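The letters A, B, C and D name the chains in turn, as written, and every chain counts its residues from 1.
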Amino acid sequence: MIDWLALTVALPLLGSVLVAAIPARSPGIGMATGLLTTTAALSVGVLIAHAGEPRSDLGGWGVPLGIALQADGLSGALLVMANLVALGISAYALGYFASGLRRHFWPLWLLLWSSLNALFLAADVFNIYVTLELLGIAAAALGALTGGQAAIAANLRYLLVGLLGSMTYLLGVAILYTGLGTLDLRLAAESLTPGPLAWTAGALMLGGLLLKAALFPLHFWLPPAHAQAPAPVSAALSALVVKAAFYLVLRLWIDLFAPVVGPGPGILLGALGAGGVIWGSWRAFRSERLKLLAAYSTVAQVGYLFLLFPLLAAAALPKQQELLGALLLLALTHGFAKAGLFLSAGLLQKHAGHDRIAELGPAIRSLPAVAFAMGLAGVALVGLPPSGAFIAKWILLTESFAMDRWWWALVVLVGTLMASAYVFRLLENAFGPAAHLDAVELGGDVQTEKIGRMIQAPALLMALVAVVLLGLGAESLWGLLGSSSP
Amino acid sequence: MATQLLFGLVGIILFLLGVWSFLAHRPLLRKLIALNVMGAGVFHVLVAVAYRGLEKTPDPIPHALVLTGIVVAVSATALALTLGQRLEHEDD
Amino acid sequence: MTLRHLFLLGTLAVIGAALAWVFWDAVAVQAPGRLADLALDRVPESGVSNPVTAVLLNFRAYDTLLELAVLMAAILGIWSTGPDVPGFLPAGEVLEKLTAAIVPLLILSAGYLLWVGGHAPGGAFQAGALLGAAGVILRLSGRPDAGLPLLTWLRLTIVLGVLAFVAAALVLMAAGYGFLTFPLAVAKWVILAIESAATLAIGATLAAAYLAGEPLGVRT
Amino acid sequence: MIPDNILPAAIVLSSLIPGLFIFLLDEERHVLRTVLNMAGALGKLVLVGLLIQGVYEERLIESRWTLAPGLDLVLSADALSVLFVTLSTVLWLVTTVYAVGYLEHSPNRSRFFGFFSLCVTATVGLALAGNLLTFVIFYEALTLSTYPLVAHRGTPDSAQGARVYLAYTLGGGVLLLTGAVWLRSLAGPVIFTQGGMLSDLAGVYDGQLIAIFFLLVGGLGVKAALVPLHGWLPQAMVAPAPVSALLHAVAVVKAGAFGIIRVVYDIYGVVLAESLGLLSVLATMASITIIYGSLRALSQDGLKKRLAYSTVSQVSYIALGASVFGPIATIGGVVHLVHQGVMKITMFFCAGNYAETLGVHRVSEMNGVGRRMPWTTLAFTVGALGMIGVPPVAGFVSKWYLGLGAAEAGSDWVLLILVASSLLNAAYFFPILFRAWLADPPASWPEEHIAARRLETTGALLWPPVVTALLALVAGLFAAAPVSPLEWAELIARREYGL
C-alpha cells in the first residue's frame, strides 16, 4: 500500500540525498523531486477531502509506542499551500541561482521542504522537536547562502535564537512526558488536566515555538534574516517557515492547552498579535529597502494570525469553525502573497542591482509583469477585495463585533490602513516617466541582469492565487475543515 | 526517588544557567555554549525521568530521546561554529 | 551586575522554583508506568534485544531518520559557507606514533560498538562518534583531509545513512509493509545494515564538520 | 437568450474580460485594443437592454456566488441599479471613443485602457450589488482600478494627486467596511430590500443604528465628495480629461451618491431613517456641500478646477433628494443621478477639447473660443445651462422635482438652498459663456495642437460631447416620454414608497 503521508516527507529526503551525492544533476533531480512531492501532498489533500483525517502509524507499532503522522483539514490545507509555493519557488530558483550556489541550494532546499511537510503532519511532540531542528538548520544555512557578512551574522543569530526556542520547547516535552507518560498529541490531549503541569509544559512549549513564529516582541531576529537571504529563500522563510512554526502553536493551542488553561493566555497572545500588527506595519512603512519592507510586513501578518486566538477561545463551536476557517484563509493568502512579493523583489534586485525603494521606479516600470505581481500581492497583504485576506478579515471583524470584542476589530482596521500606506508607497513607483534602464539611473558600477519571462511566471502566479483563487474559491476550505474542529 | 529528583533538579538548574548566560552575554560563542548547557540540562531531566529504581531496567524511551537530542545538538553546534568562524575570518 | 541582570536572575529563580515543583509533582505522581513496560515488553518483536536500540531503530525509527537528516543538513550547510580552512602543522614524532596507534584502535572499537549495539549499550551513534574522533585526531596530527576520501566519495558517504534508511523504508513499503515497518524475519539485518551505513555517515560527517568547510583541496 | 441567473454576471464580465486581454496587449496593437474596447462597450449595451426589459417585467434577475459560508457575492437587478447601470454603460461607450482620440500618441495605453475597463467593471458591479458585502467589494475595487488612472501621467503632481485620492478613498473604504461589518453583526446578511430591511431592529438598537449610518455615509461621502470629505476631488484633476469625465460623471462620485441612496432607501428604509432623525442631518450636510462647492467654484480660474467644485456642489443634489422625505424629492434626486452625469461629462469633454486643441486651460484664456470651436462651445453651453437649471435642459427637471418635493415635505429652507445654488451656478458659468461667445478671440491661442480643418478638432474628440449634449437636451425635452430617466425615476420612487 502507498503511504502518501510518509511519501511527502520521504520523497524530498531521497531527492536531497541524490542531489547531495550528484551535485551536477541538481536542477533536474530537484525539480522532479519537487513535482513528485507536490503530487503526494495533493493526494493527501484529496484523502482529507474524501476519507476524513488520514493517519499513519510509522513502523506499525501504533501510539503510544510508535510515532504517527496525521493530517486534518487545517494541516492538510497548509500542507498543500506549502507544497505549491515550494514548487513555485523551485521553478524560480532554476533561473535565479548561478551554478556556484546551485549545488549548495538544492540539497538544503529539499531538506527544508521535507521538514516543512513533516511538521504539518507531525503528531508526536518529540518528533516535532527533531523536525524543528532540521527546519531551523536548513533554513539558517540557506539564508547564509550568499556568504555576505551581514547575511551570515543575521542567520547565525537566527540559528541561535531558533535553538533557544527548540531547547525551551524540548524541556516542555520532557515535563509533559514526565507527567503524562506519552509523546503522542492525541493521547496527551486526552490525559492532560488543568493544573500546574499543563501551565508549565504549555508555557515552555508554546514559548519556544512563539520565538520561532516571530510573535511580537519575539520577532527581532526575523527582519535581518529574511531581508539578507537570497530572494527564493526569503520567500520560503517568510511564507512557509514562519507559517510552520505558527501552525504548531495553533495545533498545540487548540488540541492541547486551550481547553485546560482558561481564557487568559489567549488574550495575551491576541494582545501581542496586536502589537505585532502595529509595530510591524510601522517599521515596514519606514523601511528604505524593499526586502526589509517585506520582512517587517511578515511580522505584521503573523500578528493578524494571533489576533484570532482570543476570539477562537471565546467562540462557541459553529462560530469557532467559521473563525478557524478565516484564520486558515488568512494564513494561506499570506503564504502565496508574501512568496509572490519576495520573488518579485528578487527580480527587481537582480534587474536594478539594488532594492532601495526610492530608486526602484525605472526597474519596476521596465518589468510590468513583476509590477503587476507586486500590485496583486500588495492587495492581498492589505486585505483588499477580492483577495482571500479580505474575506478572512470580514469574518474576523464581524465576529469581533458580534462577540462585543470590537477592540480587536479596531486593530485590524488600523493595521489595514497602515498596510495600504506601505504597500502603495512601493506601488506608486510603477507610475512615472517611461521606463528605460541605463547605468546612469542605476548609479554606474552595479551590473544589472536581463530578466526572462519564465522566471517572472511563478511570482505572478502566486500573487494571482492569493487574490483571485483564494478570494473567490475559498468556500471549500470550510468543507475541508469539516470535522477537524478544536 | 531521591536520586531521580537530584538529577532532575540539577537538570533544571543547568537549563536555567544556560538561559541566564544566553541572555546575559553578547558574544555569540558564549551564547552557543550556553545553549549546549541548556541542552545538557534537558538531557539530565530526561535521564532522571527514565530512572525507575536500581532493580528495574530504566525506561528506554527517554534514553533514546537523549541520544537523538545529543546528535541534533552536535549538528546545530557544528554549523553555528562554522558560521561564527566565517564571521571572524572576514573581520580581521 | 546591573539592575537588568538582577531582574533576570530573580525571574529565573522563580521559574526554577516552579519547574522544580512541577517536576517533583510529576515524578511523585509516577504517571502510570509511562512507556517503559510497554516498550520493554515489545523489544523481542523489534529484531534487536537492546531496548534503546529497539526504540531508536524500530519503535521511533522515524525520529532517527530525521536526526540523520539533521546531521546531513549541518554538513551541507557547513560546506555551503565555503572551502575548508587551512590545516595544522604536521605532528611531531610522538603524536605521529600515538596517532598511528590510536586511530586503528578507535576504528576497531567503533566496529565493536556497532555490533554490540544489537544487545547491549552501544550502536551507530557511539560507533560513529569514535570514527569521527579518529578523523579529528588525524586532522590534528596534520592530515589536511582528516583521513576522509575525495569529495566525490565523501558526498556519497555522508548521505549513506539517510539513503539506507529511506531506501529500506520505501522498498519495504513497496513490498506491502508500512513505511519503516521491518518484518521480524528480516528486522535484525535491516537494522544492522542501516546502522552500519549510519555509522559510516556519522563518522564521516563529524570528521568533515571539523574541517569547517568544503574539502575541495587536492590530496597531498 | 441569456438566462436570468447569468445576465448580471455577464454584464460585469463584458468589460472585465476585454480589460484583462488589453493588459496583455503590446503597446503598438492600437487597432485590436480599440476593437476590444468597443466590442466590450457595445456588448454591455446590448446586455443592459435585456436587463431593462427584464426589470420592467419585474422578473427576478440575480447571479449568486458563495465566497464563504453565509457570505454570498450577489449581483441582482432592481429599478435603481438598472438606472445606474444604463448610465454608466452609455457613458462608458462615449468616453471610450473620446479616450481613444484623446490619448493618441501617448505612452502606456494598454495599461490605461486595461484599468479603464476594470473601473467600469467595478462601477457596474457596484450598481448591480444585491447586498452590502458585494457593494463593499466593488466599492474597494473601484478605488483600486481608478488609482492607476489618476496616477497615469506619472508626473510629480499627478503622483501627489493620486496619493491624496488614495488616502481619502481608502480611509473612506475603512469607514464603510466598519459600518458594514458592524451592521452585519447586528442584522445578519444585509440584503438591499426596497423599503429597507432594518425595521425589526428599530427601537432595540437605535443608538448603534445611528452610529452605523454615519459610518456608512461617512465612507460613501468620501467618494460622493460631501464636505468636508471632498478634498481629493479638485486634486484628482491632474488626471487625463477622459478620466476626470469618468470620475465626475460616472464612476467615483456617482458610486458614492448611489451608495447613499441604497443606504437610505434599501437598507434603513426612508421611514426608519426619518424616524431616527437621520434624514435632516443628511440634508444639512448636502446643503452645506451644495453652497460650499458653488462658492469655491466662483473663485477658480482653472476650467477643470471650476468644473470640479461645481461637481462637489451638483452631486449633493442627489443626497439632498434622498434626504428630503417624500416620493417627489426622491424622484428629483434619483433622476439627477443621470442628468448630472450626462451634463457634467459633456462639460469635461469640452474642457478636454479646449486643452487638447488650443492649449486653453483657464477661464481667462477662453475669450472668443466659441468662434474657433463653435460645436464644442455649443455643447459646453448646453451643459452649463443644464447645471444652472434653465429649461428645457435636463438639469431643470431635476431641480423642479427637488423643489416640489421640498415644498411637499414642508421644508422651505431646502427651496432657499436650491434658489441660492442656482444663482451661484449662474454666477460661475455665465462669465465663461460670455467670454466664449462674445469676447474677441486673442491673436493666437496658448498652444494650438490641432489646426482647424473641416472640423474644429478631431472627430473622436468632437462627437462625444455633441452626443452627450444632445442626450442632456432630449432627457429634458422628452422627460415625459415612456422610457425617459424621469419615468424610470418615478418607477423607482413608486417601488421604494410602495405606492
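As a working rule, a residue touches a chain if its C-beta (ideal position, glycine included) is under 8 Å from a C-beta of that chain, and two chains touch if they have at least 3 such contacts.
The structure displayed is predicted, hence computed values, not measured ones.
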Geometric centre: closest chain by C-alpha means: A
Gap in Å, rounded to a whole number, between the CA centres of subunit D and subunit A: 43
Between subunit D and subunit C, distance of the C-alpha-averaged centres to the nearest whole Å: 73
Rounded Å distance between subunit A and subunit B, as computed from the means of their C-alpha atoms: 29
Interchain centroid distance [CA atoms averaged], subunit B/subunit D, Å: 70
Multi-chain contact residues (two or more partners), subunit C: 19, 23, 27, 34-35, 39, 59-60, 63, 67, 70, 73-74, 77, 81-82
Multi-partner residues of subunit A (each touching 2 or more other chains): 126, 130, 133, 137, 140-141, 144, 147, 152, 171, 175, 177-178
Shared-contact residues (touching 2 or more other chains) in subunit B: 15, 19, 45, 49, 61, 65, 68, 72, 75-76, 79, 83, 86
Chains that touch, pairwise: A-B, A-C, A-D, B-C
Subunit B-facing residues of subunit A, complex: 126, 129-130, 133, 136-137, 140-141, 144, 147, 149, 152-153, 155-157, 159-160, 163-164, 167, 170-171, 174-175, 177-178, 183
Subunit B to subunit C touching residues, read off their complex: 1, 4-5, 8-9, 12-13, 15-16, 19-20, 23-24, 45, 48-50, 52, 56-61, 63-65, 67-68, 70-72, 74-76, 78-79, 81-83, 85-86, 89
Residues of subunit C that touch subunit B when the two form their complex: 5, 8-9, 12, 15-16, 19-20, 23-24, 27-28, 34-36, 39-40, 43, 51-52, 54-56, 59-60, 63-64, 67, 70-71, 73-75, 77-78, 81-82, 85, 123, 125, 202, 206, 209, 212-213
Complex contact set, residues of subunit D against subunit A: 23, 65-71, 73, 107-108, 111, 133, 136-138, 140-141, 144, 147-148, 151-154, 158-159, 162-163, 166, 170-171, 173-174, 177-178, 181-182, 184-185
Contact set on subunit A toward subunit C in their complex: 1-3, 6-7, 10, 13-14, 16-17, 20-21, 23, 56-61, 64-67, 104, 107-108, 111, 114-115, 118, 126-127, 130-131, 133-134, 137-138, 140-141, 144-145, 147, 152, 171, 175, 177-182, 196-197, 200
